[in-house]
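You will see chain A twice below: alongside chain B first, and alongside chain C after that.
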Partner chain A sequence: MAVPISYYLILGALLFVVGVVGVLLRRNMLVVLGAFEVAFTGVHLSWVAFAHYHGQLDGQVVVLFSLVVSVAQIGVGLALVLAFYRHVRCVDIEAADKLRW
Partner chain B sequence: MVVGIQLEHMQVGAVAVLVAPLLSALVNVIWGRHLGNKAHIPALVGMTVAWAASIVLLIGSIEGHVLNMRGYTWLALGNWTIDLGLQVDALTAATLVTCTIIGLATQVCAIGQLRGEAAYARYFALVDFAAAAAAALVLADNFATVLVAWTALGLCSCLLIGFRRDDETAVAAAGKTAVFELVSTALFALGLWVLLAERGGVSFAALEADSSRMAHVAPIALLLCGAVACRSAQFPWHIWIADATAAPAPASVWIHALSGGLAGVYILARTQPLLAASPLASQVLAGVGTATALLAIFLALVAADLRRVLTYVAASQFGFVFAALGLGAYVAGVFHGFVLAFALALLFLASGAIGRAAPQIEDVWKMGGLGKHIPAVFWTFMSGALVLAGALPVSGFWSRNDVLTAALDAGDLAVWIAGCTASLATSLCAFRLVFLVFWGEPRSDAATRVGKLPASMYAALAILAFVCIALGGVGYPPGGGFINRFLEPVLGVFAQAGKGGLPHTALMAVTTSTAILGAVLAWALYGRSAPDPARDRSGSLLQVLTAEYYVETVYKHLLVRPLQAFARFLWDFVDTVVLDLLLVNGSALCTRGVGWMLGRLHNGQVGTYVLVAVVGVVVALSYLVF
Partner chain C sequence: MELVLFFLIAVLTAAAAVGAIAFRNPLYCAFSLLTLGACSALLFVHLQAPFLGVAQMLVSTGVVLVLLLSAISVMNLRTGKYAEPLRRGTRSAALLLGLVLLAHLAWRLVFYPVGIGAEQKITGSAVALGQIVFTRFALPLEITALVLLAAVVALLVLAGQEPVQVEGE
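Presenting the complex of A and B:
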């Protein structure tokens, strides 16, 4: 028997919230990037669920594109973290406060 | 005698009289530096052309021509139109000839007077410009041109008074004059404004028919009279002339006799329909003129500086003229104005000659005995003094006599008595100068070392002395002379002529006896033995006179002090507190404070930014959804 769409949506929303909370609360840059990906996954899950629900493939195709973009994003983010680490020898996000008033 | 001047000749003449001095002024402005001590050549050429052209205009007017050159419409604004054009009638021609003869004589005299002066060319450029302005004022057929020319003349006065610009007193005097010139121009402009609002045009031609039906004729006439009185140093505006002696002597002729005298007389005579339609303005003008005639001559009696005496005499005598205009005797007033312009020009030039021959003495009490050294100056000064005194048979007698007769004919006994008293005092004053300057023994070392004078100065003095003596002929017989026949078509016949009841001979006897009495009195006070300067400088009445009736003090307390207090308030409160502290520094402080507060948000923490973004998204979404 098919799982109702609301389950997927609730799971997607939970994943998104977990991701956002992770981004907001964690101090390790690598964990923050991971949390980003969790939030992304929540969104992708909802998308795929809707696509399946409507019986169309469009949503799934978009999710594939979006995955590529988020992977590229992680690549850039990791490069930034690496560059930051080389300068200050830590990956604490609160240490990166030079660009303030 | 018919020369055969046609209207076409007069058109050329009218333009030449205007343009020739302007061009020569321009030549000196542009090339004056290179001309050096030859700067007088273009000036003389311009003035001579103007003089010849004005003679053409005079002959044309005598032959009965009236020239009206329509110019163009300068401004058409709704119901308002300002047409510019030229007109030449008898009054114009006579005034122009007076101005150009005097202008030529002053320029000739200035060649000798100012030789060696650093700004030789500047002087000639200024006087030529003044001559062009005077020509524009006299030739204009509308108030708008007159206003511009009037302002230009005032500007020239200021610039000539401040001619020696290294001299601080001269610059201060020029500044003081500028205030009065501005007041005069402002009054004139206000009058013009009221006239424009009332009539929708400013040409003279419509005045004749309109002025008695105009609703605001009194304000217009009063404003014009005020403008003229201010420029002509009438009481209580007489205080600017005391310092005006800083100008070079030939320039004083322009400042006091032409710009601050004849020009005003011309304007009032030209606008006489306004005066005639407003009894109030006429009375005020007559009152102010009479008061000045009396008050200024007393100031002249105690002044020690030769040219200052002459400036007060000028103010006093033009007071006579304004009294005559106020009484309605326009021809008599204008005639006296012409005579005065010549006499004052002569006396100012003579005083300049004295200053050139015996430099460094301006105080008449330090002069004395100059007649032996410079007899030609003595004789020409004497003829000027005779004209001022109004002795038979020189021109001053005929013109003064006309004015006094008019006062009696108008039934204004007060004006007549004041006029006779002022005549007596004028005669006393004129001969006081003659005796103190030329008579007796030298009263200082400087007065014994008298130098030679350039021929040009003698030439100028001779021309003016001749005109001064001879001009009386046009006023003979009184009330019916050539001047009356010539000007009455323009200015109208004096309505009250002959109503005084006294025969002409009796009046002439009174006029000439005041002159003789004044001369005798002067002889008794200053001519015999060595006069005592101390007697002239003590006593409480004399204190009032040396303080110029405390008018300056009154101005100081009524106008200057409150204005200074107001200016101080503007500085101390409005500028320092409101502008600087509140607006300039206040807005800077405000911006900085807001910037500081907003800057706290920008703390560099990625977490904060993300939080703000999330909150923003949540708020925006909830707004869209709910």
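Presenting the complex of A and C:
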């Protein structure tokens, strides 16, 4: 028996919400970046599910581009965290409460 | 059979997602993220997207294992202590926001048709994807390459700088 699309969409929505809650909840910057990745995965799952549902490949192409962008985002985010860590010696998100260094 | 398989992978995926944000030790978070990447790659294969499954696997191992673990080993373990939980008000506000978002998405999904979809399924193999990417999506491809280039330059600029002494700290 084939799986209905709504199951995938529910799972994708759940992953997205978990990612958003993680971004809001955690104080470790590295874990926040990981939570971003969780949210991205949820959205990717929805895209691929829709592509499957409509029998077209366009959704998968979008996910391909989005994967590249998410990798670039994680890379730049980690570089920012590293630059922050060099100044402050911690990765606590609440230590970043000044607008200049 | 397919449904049972889906539920097994879905439960594992959800558990890995919760673990990726809930573990106190960021190392466990990174490993949960790796599990999540593998599970979502399985789901992609399940959804006739084998190339994306492979790409997701590469990305999750590359991003998680190489980037996050090296970052954790450089920054976090040296400081020794993990970040404490947020203040009580912030935490409940975040959980409330998450619940509202989940309720909204679930409410939208209730009215979504429960169906299997189109009759003929297209498999997203490397060949099929490449034929689309290099013709109809050629311009977005170039822009993505530009984004990657900008990201690499930004990474070098941000991560390669010398530590600066800040006065008045």
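The rule is simple: the second predicted complex is superposed on the first by the 99 of 101 C-alpha atoms of A that agree within 3 Å, B and C clash if a C-alpha of one lies under 4 Å from a C-alpha of the other, contacts with A are read in each partner's own complex, and residues count from 1 in each chain.
Just so it is clear, contacts are C-beta pairs under 8 Å (C-beta built on N, C-alpha and C of every residue); 3 or more make two chains touch, one makes a residue touch a chain.
All values derive from a computational prediction rather than experimental measurement.
After superposition onto chain A, the modelled positions of chain B and chain C are compatible, with room for both.
Contacts of A:43 after superposition on the shared chain: neither chain B nor chain C is touched.
When the shared chain is aligned, chain B comes close enough to touch A:96, but chain C does not. By the touch criterion stated above, A:9 is placed in contact with chain C alone, chain B being left untouched. Judged by the number of chain A residues each one touches, C leads among chain B and chain C.
In the superposition on chain A, A:24 makes contact with both chain B and chain C.
Once the two complexes are laid over each other on the shared chain, residue contacts for A:67 go to chain C alone; chain B is not touched.
After overlaying the two complexes on the shared chain, residue contacts for A:33 are found with chain C alone; chain B is out of touch. Superposition on the common chain A brings chain B within a closest Cα-Cα distance of 7 Å of chain C.
On chain A, the patch touched by chain B and the patch touched by chain C overlap at residues 20, 24-25, 93, 101.
Partner chain A is touched in their complex by these residues of chain B: 599-600, 602-607, 610-611, 614. Of all residues in chain C, only 1-3, 6, 10, 13-14, 17-18, 20-21, 26, 29-30, 33, 36-37, 40, 43-44, 46-49, 51-52, 55-56, 59-60, 62-64, 67-68, 71-72, 74-76, 79, 82-86, 90-91, 93-95, 97-98, 101-102, 105-106, 109, 112-122, 124, 128-129, 132-133, 137, 140-141, 144, 147-148, 150-152, 154-155, 158-159, 161, 163-164, 166 touch chain A in the complex they form.
Across the complex, chain A meets chain B through its residues 20, 23-25, 32, 93-94, 96-101. Of all residues in chain A, only 1-11, 13-22, 24-28, 30-31, 33-35, 37-38, 41-42, 44-45, 48-49, 51-58, 60-61, 63-65, 67-76, 78-83, 85-87, 89-93, 101 touch chain C in the complex they form.
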